[in-house]
Every structure is written in structure tokens, then in C-alpha cells.
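My questions all concern the structure below.
Going in written order, the chains are labelled A, B, C, D, E and F, and every chain counts its residues from 1.
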Amino acid sequence: MLASADTDIRAIERFLYREAALLDEARWEEWLALYTDDCFYWVPSVMGQKDPVETVSLYAEDRMRMEMRIIRVTHPRAFSSDMPVRMSHVVGNVMIDPDGAASDGGTNPRADLVVRSTAHILEFRKEDQRMFGGIARHWLRCTGNDWKIAMKRIDLINCDAPMEGIQLFL
Amino acid sequence: MRYDSATIASLVEPDRVHRNLYIDPALFDLEMERIFGHAWIYVGHESQVKNPGDYVTTAIGKQPVVMSRDAQGKIHLLLNRCGHRGAKVVGDREGNVKLFRCCYHGWTFKPDGSLAGIPMASGYEDTRLDMKDPKYGMCKVPRMEIYRGFVFGSMSPTGPGLVEYLGDAATSIDNMVERAPEGRLEVVGGCFRAVFRANWKIFLENLNDTMHPMVVHESSVKAGEIWAKQHLPEGAPDPLPVRFTRNNGFPYAFWEKLTLRGHKNGHSYMGGIFPPRRTDPVFLSYVEAMEKSYGKDKTEEILSVDRHNTIYYPNVSFQSGYQQVRVIRPVSVDRTQMDVYAFKLIGAPDEFYRHTLIYSNMVNSPSSIVMTDDHEAYNRVQEGLVAQANDWISLDRDAGRDTREGDWLSSTGTSEMPMRNQYQAWARYMTQEA
Amino acid sequence: MLASADTDIRAIERFLYREAALLDEARWEEWLALYTDDCFYWVPSVMGQKDPVETVSLYAEDRMRMEMRIIRVTHPRAFSSDMPVRMSHVVGNVMIDPDGAASDGGTNPRADLVVRSTAHILEFRKEDQRMFGGIARHWLRCTGNDWKIAMKRIDLINCDAPMEGIQLFL
Amino acid sequence: MRYDSATIASLVEPDRVHRNLYIDPALFDLEMERIFGHAWIYVGHESQVKNPGDYVTTAIGKQPVVMSRDAQGKIHLLLNRCGHRGAKVVGDREGNVKLFRCCYHGWTFKPDGSLAGIPMASGYEDTRLDMKDPKYGMCKVPRMEIYRGFVFGSMSPTGPGLVEYLGDAATSIDNMVERAPEGRLEVVGGCFRAVFRANWKIFLENLNDTMHPMVVHESSVKAGEIWAKQHLPEGAPDPLPVRFTRNNGFPYAFWEKLTLRGHKNGHSYMGGIFPPRRTDPVFLSYVEAMEKSYGKDKTEEILSVDRHNTIYYPNVSFQSGYQQVRVIRPVSVDRTQMDVYAFKLIGAPDEFYRHTLIYSNMVNSPSSIVMTDDHEAYNRVQEGLVAQANDWISLDRDAGRDTREGDWLSSTGTSEMPMRNQYQAWARYMTQEA
Amino acid sequence: MLASADTDIRAIERFLYREAALLDEARWEEWLALYTDDCFYWVPSVMGQKDPVETVSLYAEDRMRMEMRIIRVTHPRAFSSDMPVRMSHVVGNVMIDPDGAASDGGTNPRADLVVRSTAHILEFRKEDQRMFGGIARHWLRCTGNDWKIAMKRIDLINCDAPMEGIQLFL
Amino acid sequence: MRYDSATIASLVEPDRVHRNLYIDPALFDLEMERIFGHAWIYVGHESQVKNPGDYVTTAIGKQPVVMSRDAQGKIHLLLNRCGHRGAKVVGDREGNVKLFRCCYHGWTFKPDGSLAGIPMASGYEDTRLDMKDPKYGMCKVPRMEIYRGFVFGSMSPTGPGLVEYLGDAATSIDNMVERAPEGRLEVVGGCFRAVFRANWKIFLENLNDTMHPMVVHESSVKAGEIWAKQHLPEGAPDPLPVRFTRNNGFPYAFWEKLTLRGHKNGHSYMGGIFPPRRTDPVFLSYVEAMEKSYGKDKTEEILSVDRHNTIYYPNVSFQSGYQQVRVIRPVSVDRTQMDVYAFKLIGAPDEFYRHTLIYSNMVNSPSSIVMTDDHEAYNRVQEGLVAQANDWISLDRDAGRDTREGDWLSSTGTSEMPMRNQYQAWARYMTQEA
């Protein structure tokens, strides 16, 4: 019982680590392939934001907008990226989050479980680094013998601070 | 270096400006004094302080300001500083209070800034302190005026009134308000706070700069085009995200034909770049609501006012079609904060506001695939101007072709007239000593 | 044998992750409930500090002082917190520390095992972030079928650097 | 802006000071020159360099200083700079050496700063270099004096001696020393280093500001009260942590009755806020040790001297009851470092020192639930003073009611007299060009 | 099968955590003992650097140079270290990296598997902290019932940024 | 403080310099104007832009510069700023283009900086804009000259030519080039970028400062010695890593005997510290290649030129034996960036270049066990000079013993002559107003 719980969490960790690796290596197509067709990617602009439809969000993207962002970032003329942005994700404190559903902002994604982890993201651009940190939640849907991400939400501790441009997915 | 008026005047020519305007901290300090210390500065909207006791913190240049609403419902602009020993009284961004209370010695202030109470006031008998003297309260911003719900403040006790100042550039505000079936707007939830590493004037230059979109935004234009080609049947209407990105890629001929008008006080606006009438059900039900309030003709009239960015010099830009207001706070000569607010049109269907948010999130977020390119362009200008190559920045495009009618200059849609116009206003402010 | 060691460490990780989550979400009562009545919370001010009684400590708090800090932080007039402090904890490199007892500073807590982990803590306040990092040690006492924290020690790598105020528990 | 003496004098009035004192970098630089460059600055305690060869690094204003003890046991204050090409000689915070050795070319210096050796000194024959010339050594701080183990330095070769400077404000130091049964104090282990984002003078203002505790510290006052109510039987004595927090919440009447005295050189002290005689066994055994050394009456006399903070202008504060010494180093006009030392009373029971540490950890740590609120208050003042609302900071409380006796001003316990007194001293220093 | 994979990864994590602990505690001899005699320690100066022999590297050290660095850092006259440097390593996202061999820069170390992890390293010196982050790869050789590190490569996201001196191993 | 020439001249004496040279931001700004704005500044090597369209970004003082190669193969130095509104045109570090394109409005520029195209140029008819006017292009660095593949630029349109400027200090460059069997060098791959918190001149002082290695580098000297003792049989030859470290520990007698020469323009060089002829197979096969190209005698002649660092004032240092070039960019008065390039000798065996890289990685990397100690020493000087102990920095060693021959000063190998020589040049530049 505990063992199996343990097994599960290991498999989930592997899955989240893979997502982070794809982000850090800018392998966008493979990254997006981890998401469901009806996925939603949400980074609120307010701590504990209720929903993505009553107030602005740093990111509130369905698959269409995620695809557009990827086309753009990989486009040769995305000059904001001519000094490339590099990222390094630590996915920490991975836990099954029984109450996670409550934070779906009313989007009610179809998912089999919600995983909560701590995101520490170091970003480098031009000659500066900055750090992002907060709680990441993944709504995972079981598909055959693998997972897909139906929704991802990241609550950054500095979500409402003045910020310089963010180019990539967190 | 200290600047006298003659020197300052010599930095601005009709078709070019001196590089120091963007990089000299001494000029920046003078700007805070002579422009942000005199002009009407946008500070917020009534709806941010709906109820008695509500307050929000804002700024005029580098001055920390509180906008509050008193028990009688009157709005006040206060400098965020205690009359005792100067502590910043309000630490959070917004809230509701009966009295403001200073964290240091507990002096309290009414929402109108007047001193309400001092612990052990007996200590002040027979001293210079006079509880009625506003100096011992939270001082008022010398002037405040509200135009159709939009609150402006001026650090100067004298000068033209707000209405005179806005002139009929105010029509863009009028139109944004009238676009609400109930004629009222509302700020809901949070706002974006973005920061770029460039002088504040570079942002103002950009707002009516119609020669930049197809270049700066090329990658998001392509994102919209490529996505559409991949996913949409030939000739299908653009979903909003596609429209919001690809429209920046319109041919030069399109931009050249846009209206472009500059007001003598430094304001300006450009014509719209999105189809003023959409055909999606959300928009149609919105039109329905409009017609119910205003009738067909008036609605037609309101919706036919088609403007993109309207700049009110020196710190705010309105985009009425998607109800976006962008406000800047200069931080230093090479750093600027920009706050972006999305407004709700009272009386419009909820779905309509969703579209407003889609615009905000896609176009005006710090993580937007559109705006980040603008900000990088500003940063690039600031980085480039370090080079002493040449003391002058060109504003030559269509120079000498502006036509004046009353308070207004008009030009072709791709002219640099709006910037020339801004710097004429800049020179006027900056050469007013005192 | 290895499997069971493995199982144990998983359970311990879950426990430490839970502690971190309660800190990051400012759920102080639940957090404190993870500690024993005779607990001790210690953050030395000197690298490798011998004990908490011969020299000052950033934190050297018994349960009473921990309770007082919580009352204070949650008090409406805690104006230092009127711009709330937010934290994000990564609990990394979780290991059983056989020699951990040696670093108890002579407090000799009653515990069944000492766990060592790496703490990376990102803090946000007003508009700034700062990073804390170092070694965290937890003295865990087995209580029925769960753990309690009898003592926690964090050795920050910047423990003796000039510091701006720290509001919360690390 | 460059300040002449008349301008500087005009910034300080009897009952108010000009906002520029806290925010103008030019004034800050002048302060480093005219105040920290002349006054007696506290640098440390003998016990920090117990043995020959011991050293610690410290500072006088922004000057890096080393306090060392030579083989004869004499203490020296050296500027931490090599006489060759200027490298900082001592990199760590403390240690023990026979000779200081510069990391760059290996010049060595005696603990008294004199040049001990140069590799291949032959290269200096017939040159300007004279090994006996102190300029080629580690230069001495022009003046050093020690008062009962406390070491002060002055960057000015002339001026009043330390004893004259401290005046009988020195009695607070005397009392702290006498509180040791053996009449000696000792610094053990580390110290706290806290930083706040405010001008150094705001800290000095705060130390005898008795109108702030019940407000600034309200949350920790409540923490003490609530905890006590929850856990203690009616009327039980307060455990130390409760006392250390709730006492800040005493009623105004209590503070008003406190002694408050200001010395002409800018020093001042306030009466005690903790019961001078405790009844716990630890304190009783301490009293026993005291009486063994001093006898009953003298002990009574020593313990009845009941003062909280004593400020020695411009950089140190003593709290004798719990043996706390707080020292500041101005970093910039809006940034200050504060070092806190806990002293051990030699001859007192070990447990007694535990209580000293409980006080340090609870009240003076960067993570204290008490002091962090003070520092936030200082930061708030610095943030608020950006506002141009009003050029003046009020020091009106009980102004005009101070009574002078010799070197001293006295006032009610809640008066702002100590700040008025500090700024009179400030103006005196700052108008001494030289 | 999955279970055993799981078991392995646990053992590998324990091994990497131990390496990090030895670095954070400056236990250099024990740290070096984790490496094979023919080991190679490589930190490229260019993103995705092809090899260590055609362009400069921040570190490109065989065991000899590693030993020299340790002698130096522990030498009393290493004055750059008279204000000691302190480090805190989080070893995150530990994964077996099937394609890892490709990034050996042509050094072709003899190893049984390549492990990829995310390194977040907080460094403190004098009164400043700085953060390093990137991908760490360990080439592990199975020796009896333990692992040895045949090669370690760290790709820092700021590898080509102007940098102040780095004293220690990352 | 503003400096007139007399004041500046008074800051430099034959055997000492004033502390302000290292810490006064006003002097730093003047240096950027009068030294980095006039002297020949090293910017890069031809091989960094091998092919038409290649470019790299570099700097002259604080001026952002692009080095490019045009279609005809000609190299150009451009200021990295757009002729329109000033945006930095090139954002990345290197690349290849047909035309540079500004990110903001899409103006394009030829590799020679001339304006190639403007979208909708029609907007500029009858305006001041003239497409042929270089001001509207990317402006050229006023002068560029290339000496044997090494590219220098000067921000001053007038002044001595590069050859005259280098004087026969150029022989160190000649020798480095001739050490390539094919007489050509190449930069391969990346470079190191190190930053230290000290004034740029402290770096220049250090390069020919032969009294520092045995002290600053003691720990790496010991690392080499100890490792060798532990692992090598008595008298075995030193492996390179041991040599690269332990040689810094040679006895003073060794350094004293080194050649040390200073050129009137501020340049200088010192004799070699590594055996000029190695006996390992790699070196032997290199000699073979050399002799194949040059013949025995010429090879002998080339390899017998044995110099360690050659400084070309004010921003570059060559080490020919291991083909290291170190270039500095002053960032601020107390911050400097140093870029280190390793050169490949074309025609030498591949293995030979490996040795060059071992030297780079061990000696010149930001994580070097050697250079980090130099940088810490520079930082220490900057930290120490805060102390007002003494206004003067000693350059006394062997002062008055320099012997002049033509453009050159000579001295014993441990003299501070090279620094005295640098500051004579410094004073010359700094007193040229204009």
C-alpha cells in the first residue's frame, strides 16, 4: 500500500522531471506533447487568485495560445530572444495534493489527480539572473500507461511584483 | 551638470532631440520637478475606491500618493507621509479604513488627510504644533480633478484645469466611457506591473509609433499567421489571439492611412487597428446591450469612433476598444514602471469582459508575446544611446508636413509627428523655471 | 532492507514536504502541531555554532517563544507584515544523518532519528526577493504511526552576514 | 548641492529639522567628514582582543579599522590599509597574529601598525620610503581612548578627551561595569549584524523615543499578553519572554513618568522599563554574588541605577540591565548597519548570562519579533520622506519645556527632547568646517 | 522492474546527495574519494560546448588538477579564502540519462550509466550570495557494491557570463 | 569635484600617485573621455570575423562596438547604435549577416555601417535626413588600424598612428605571430569573461609587478610543490600544471634578474618565467614545424625572444609563450571586466594548442587557482583605499634608478618602474583637455 503510493510518486516525479528537462532544454514540441489537447496553463497575477476570468493573469493560455507562444519563441525574428533566455528548474517537494482540485480556478479540468510541487526556477538573460519560486500544481490525466498534463498552475511568490519581461514558459 | 533654460531649449529641435534627454540623471531630476511636478498626472479610477474608507496607493512621478474616499464619498489624493516624523503611513496597496494610522507613533488621519488624533496630545500644548495645520496631517496633493471617473493629480497649486489640459483629446476618454451600456467603467481585480530598463519618454514615443509594429512584433505576427495557416480553413475569421498578434503585421499602406493627431499639450492619438465592429456572438450581444441603452444611432456613433492608443502627456495611454489603460511611473533615468489596468464596461455581457482580459493577457502582460518585444526595444534604445556616435536622435519622418488645425497637428499615419509634438511640450515644461 | 530504508526515507520526505508546505502557506497552527511540546527551534548566528547558550542565535526558541511568534505574526497590527512576507521552500537532498545528534548543541532532544536536508528558501517582501540556503536538520520522534519534530536546526551559509529583518520561521 | 555653514545651520531649528538631513547624499558625506571624522566613535571592547596578537575588524564611519593588542598587551586602532599600495590588510573578522601580513606583496606590520618588514627591502635604498614613517605602516587612528574597557576612536588628532566627551553620561557605562560582581565585562561568541534601509539618525532618534513602543511593538505586546492569558494562572509572574514583549505596552502614564535626560554632547538616557530587582532564583543568586563582592549597600546602590537605553552620540547605545550594546555603522544616506553585542558579567552565575542571551535573541536579533518592527518603522520613515509634502520634520512634543541643569536637559519621559538635543549637537559638528 | 528502477534511482540519489554534502561541508578528501583515478571534472564556458580541447573551459580538470585545487584551497595561505566561501547544493530532478553519453565531449569515460540532475548552488562569500544553476551529469562506474564518479559535467546557464572568481568545486 | 589640468597633474608624482585615481568617479569619467576616448584600444583579432558578414561585439571603454567584415573582406569598427533613434543594433555576441537590421523599425546597415535601407523611405523626402550621411548609419569608430591581425580602434579622429603608438613594443606582437609556423594566429571557440571589483589601473599595475607572485600566489605555488613532492620522483620534469603554479614561487633573485622595460607611451614588458624551450614531444614536434617553415636559425631567433606579459597601454596584455591575450573593459571606477583569449598558432601540432588551453584553464579562468588570487588582491586594494590614512600610494621601489634609452626605461626586474611609467602616460593623457 505505502509501497505502491511510493511507486506512484516516483513515477510522477519522473514525469515532472521530464517536463522540467524539456523546458530547460527548450524542446518545446516535446514539452507541449506532455499536455492534453484541452490543456490550460495558468500563472495568476494575484496571490491565491480565484479564477482566470475576472482578473488578469501572467499566463492564462489554452493550447492554441501555448502553440502561438512556441511558434513565436522559436521564430528567427523573435529578437527579444536574440540573447537567448536560459532556465534551470528544480522541481521540489513533489506531493499528491488531495485538495488540489479546489485551486483550478473554476476551469474544472478532467484529471485523475493533482500533484503539488515547489518550483525554483533560475533564469538567465543577457548578463543577469533572476529567481522565480512558488507552488506548482499539475492536473494529471492518466492516458493508457502514461500521464498527460490537463492543467498547470504556478503561484509565484512575487506574482504581483513589478516584473521585467518573461519570455518562456515557467 | 546644471541646465539653464537656454541650454534645455537647445536640446530640442523641430525634427530631432539631443541624446542627453534619455541618459542624463540631472535632466531626469528636472523632469520630475518641472513635468511631473506640474502637469496633470493620471493616478487612478474612482472604481478603485468604491466605498467610503477605501484607499489605494499610487504615485505622481516619484511622490508616493494615496487615493482615498471619505465618509461623504468624496475622493482625496494624499501624499503618503505622516505629519509627525514623516513615516510612510500606508504600507499596503489597497484596503479600507476608518482612519489611517501611522505605524510609528499612532497618529491617525481622516481619509481626507486631516489629522484626527495624537496619542497624549497634551504633550503639544503651547508648541508650534497646530492640529488644524495641514502640514501635520497627510498633505493633500495640491490639485486633484476627476474627469468621467478618471482621477488626475497635479503637484502644482496653479495651472490650467484638467478639462482645459486634456482639451478635446478628452474625446477618447468620453468614447471609452460611452462604450459601457450603463456609461460607467470599473477596474476589477489586479493589474499588471511591468518594468523596463529605459527612459520613460521612450515609452511615450512608442505608443503612436506606427512604423514599429511590423518589425518589433514580427515574431508574434508570424505566430498568429503560422498558427492560423496551420489550423484554420481558408478565409475563416481570425480568433482573437490571432487577430491580436497578426494585425501588427499589416502592410505599411495600412498604417500610412491611419489617422494621427497631436494636441498642443503633448497628447496624441492614432486610428484603430482592429475592426471596430466584430461579428462574434459576444460582440453582437454587446451591441444589443448598447442599443438598448443608447439606441441604434448613438450606438453606431459611439462604436464608429475607432482609435487605438491615445496618449495623455506625460504618463498615461488609453486604448478604448479593449478598455486598456497603461500608466507609467518613472523610476530613474533608465528605469520605468508601467501599470496596466483592464476596465469592465458596466452593462456589457460578462463574456465581453473575458475578451478584454484575453487582450490584456496576450498583449499587455509582462509575459505577453507582444509587449515583451516592445520593452526589449526600449531597453535596446537605452543601451544604444550610451554610444557617443552622434548627439542627436532623428525625428525626421514626415517632418515639415504636419498640418495644424487649432490645437491639433495632423499628419500621415506613419509620421513621427506625435514625438515631435511631445518634445515641443517637453521643452515648454522644462524651460519653466520656478 | 534497502527497500525498507527506501520506504522510510520516502515517508520522511513526505513529512518534511508537508512541513515546508505549511510554512509556505502560513498555516502556523498546523505547522506547530508537527512539533513536540518540548521542541526547540534553532538557527545559529555563527557557522558550526557549538550551543545556543554561550552565544547569540538568530532563533533559539522553545515552544513558548514559537507560539508567541505565531501570535504576533498573525496579529492584525503586525505592521511589519502589512506587506506580507511570502516564502518558497525547497527541501532537497533528504538523508538520514547518523552523526546528526552531534549537532544538537547540547540540548539532547529525545528523538528516534536525525534527518539532514538542504534548505533553499526564497523569500519575497515588498518588491524584493532574497535567498536563504543551508543545512537543515530535523530531530524526529516517532509517535504512534507518525513523526513529530523534537528539534530543528538550520545552518544558513550567510548566518553571520548583516541581515535585514526576518519575519517568519525558516 | 554643496552646503555652507549658514545653510546647514538653517536646517535645524529648536523644534524641527529639515527633511534633507535624512535624504541628501551630500549631507551624508559631510556627516562622515564632520561627525564621524571628529567625534569619539565606539569601536569595541577590550575583551574582544583578550590576548597579545588578537585582533578584530571594526569601523569608524566608513573607515575600515582593526583593533589589535600588541605583545605588551597594549591595544591599538589601525586603519585597515597597507602602507605600500593600499590593500586592505586584514580580510577576516578576527584572529590572532604575530605580524599582520599584506596579501599582495607580503609587507608585514606589528600589531601597533608599524612596518615590520618588506621583502627585498634593498629595492628601497635611497628612495623616499622610510620604514619608520608611519605612512608606510598601517596608519593609526589619530586618537584612541579606553573607558572602563570600552574602546573609542577619533579620526581627529585634536578635540576633547573621551572622559570630557562622555561627561557624566559615563555613569551608565560605570553602572554596567559595576553590575559585574568582579567589575569586569566580556564579549562572548558572535554578535548580531542587522541592516535597515534608513538613515543612521533615525535609529538614534528611536532609542529614547518613548512614544513608539506601544504602537510599533503592538503585535509583540499582544503576543506576550495573549500567550500569558492563555497559559498563565491569574497574577503569576511574567516569564522573561512575556516581560520582554508586553512591557512595551505599558500605559502612556508609565512612560510619561520615566526619567529622560539629554547631555550637551548629544548623549541621552531614559529610565528603566523592567523591574530592576527580579525575584527568580537566578537573579537572587546573582544578587548574592554581588553582595559578596560589594556588600549589601553598594549592591543596592548599583542595582537601583535603573536606566534603559543610554545613547552615546553618534554611534552607540548601552542597555545595562541586560548588558546589550548596539553599535551602528552608516553605510549610505539610506542604509545603516547595526551590530549588537551581549556582554557577560564576570562573576555572575552562568544562568544569569542565559537570561542576557534570551533578551538578545528575543529583542535584538535580526529575526526578533520586537526589533524587526523598529527597523520597519525606520524604513517607513525613509520611504515617506521621499514625499515633498513638507520640508520639516516635527520635534514639537514638549518643546519649550526642557529644563537645563549644567550639561543636562531634563524633560517628561515622553518628550522629544532627546532628538532636539541630538540635532543641536549635529548642527554644532556640521558647522565646524576645518 | 519499475520497482527496481526505482530502487536504483534511490541509491543514486543517496550517492549524489552524499557528494553534495561533502562539497557543502568542504570535506575535500572524502569528496575526491568518490571519483575514479581516471576521473574528469568539466564545466564548459560555452553553452552546449562540444569538447574541452578546442575551447576554454571554466573547469577541465583531471584528478591531478583536482588534487592541486584541493591542496590550494586547504592551504593556510589561500588568502582568497580567508573570508571562507560557503556553498549550499540542491541536487534536484535526478534522472537516469540514456543519451547522456553524447555529452562527454569526446572524453569517452568508462562508466555504467549517466545520471542527469539539476544543480542549484547558492554561494556565500564576504557579505554576498550568488546563485549558480544548470544541468549536472555524472558518469557513474559501478565498483563492487558502490559507485564512483568517472566524470562530472555541469552546464551552467550563465557559463558565458562575466563572472567573479569561483574558488571551489561546484 | 571637477578637475583642472593642474590639479590632475598634481595627483601624479614620479614615485607615488594620489589615492583619488582609484576611487573618484569624476576621474573615472574623465579617463573614459581622455584616455579611452583618445588612445588606441585593442578590440579584437581578424580571425574573429573570418568571413564576409561575420561580426563580433566588443567595446572601447564604455562605448559598445561592433567589429565586422564586409563583402570585400574589409574589416570595420562600428558603434553599436542605430542612426534612427539610437537602438543598439546588434544584440548577440557574434554572428554573420548580409545586412545589420535594427530591431525597432527595421533600418538596415551594411557591414561597413552605411545605411542600406529604410522601410517606406518616402517619408523622408524633403527632410533633413540624408541616407548618405553617416550620422544616419551605424557610425564608424573614428580610427581603426590593424597590426598583424590585431585590431585597434581610437575614438579620436586625430593622433599618432598605431605603429607609432606601439613603438617597438610591437616586437612582442611580432614574436607572438612569428611563433606560428604559418605566421598566422586564430581565436578558436569562446573566451573567458572575468569581473573584479577594482579600478582598471590596478590590473595594469599588476601585470609587470614581479614582487607579487610569490606572495599572492603562495597557495597555488604550494599546490604545485606539494603535489609534485607527493607524486613525482626526485628531479622528474614538472608537468605543465605544476610548472604553471610553482614557477610563481621562484626566489626573489630570479625575479630581480628579469628584464623589465617601459615604453614612453605607457607600454611595458617583462622577461619570461617559463623555460623558453621545453623538451616534451609536443614541443619538439612544434619546433620541427617551426624549423620547416623558418629554418633552424630563424626558429632559434624567434623562440629565444622570451617575454612574459607585455602591456599595451591602456587595455591589453599579451603573453606570447602561451598565446594569451587579456583585454579589459572598465565598467565603473571600482569594477572592471577582463576578457581572456587563447590563440591557436596556425601550423603548430594540435597537441600544442591543448597546452595553450591547459594554461588558459589553469591560469586565466574565472575559476583558476591562480588568477582568482590576483583578482582578490585587486579587490583588496579597492577596499583598502577607502581608508583615508594617507593620500598617497607608494611607487618607491627602485625609484630613481630607471635608466632611459630612447623611448625606453629599463630597470631591475623587481622595480616598480612599469607603474611609474604608466602613470606618466596617464598624466599626459589626462591633462590634454580638448
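Rule of thumb we're sticking to: a contact is a pair of C-beta atoms (placed from the backbone, for glycine too) under 8 Å apart; a residue touches a chain by one contact, two chains touch by 3 or more.
Predicted, not measured: the structure shown is a model, and the values here were computed from it.
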item: For chain B and chain E, chains touching each; value: A, C, D, F
item: Identity of the chain that, by mean CA position, is farthest from chain E; value: B
item: Interface sides of chain C and chain E: same vs different residues, half threshold; value: different
item: Distance between chain centroids, defined by C-alpha means - chain C, chain D (Å); value: 32
item: Centre-of-Cα separation between chain E and chain A, whole angstrom; value: 28
item: Inter-chain centre distance, chain C versus chain F - centres from mean C-alpha coordinates, in Å; value: 50
item: Computed distance of Cα centres, chain F from chain B, in Å; value: 48
item: Per-residue multi-chain contacts in chain E, two or more chains; value: 6, 79, 90, 92, 120, 131, 161-162
item: Shared interface positions of chain F, touching two or more other chains; value: 91, 103, 216, 376
item: Each pair of chains that touches, named by its two labels; value: A-B, A-C, A-E, A-F, B-C, B-D, B-F, C-D, C-E, D-E, D-F, E-F
item: Of chain C, residues touching chain B in the complex; value: 79, 82-83
item: Contact footprint of chain A on chain C as seen in their complex; value: 3, 6-7, 10-11, 14, 17-18, 20-21, 24, 86-92, 120, 122-124, 127, 129, 131
item: Complex contacts: residues of chain B adjacent to chain D; value: 62-64, 79-89, 91, 102-106, 119-120, 123-124, 126-129, 135-136, 138-139, 155
item: Chain B-facing residues of chain D, complex; value: 15-16, 19, 22, 205, 209, 211-212, 214-216, 252, 256, 376-377, 380-381, 383-390, 392-394, 396-400, 412, 414-415
item: Chain F - residues contacting chain E, complex; value: 188-197, 216, 218-220, 222-224, 226-227, 231, 239, 241-242, 245, 337, 340, 342, 354, 357, 360-362, 365-369, 371-373, 375-376
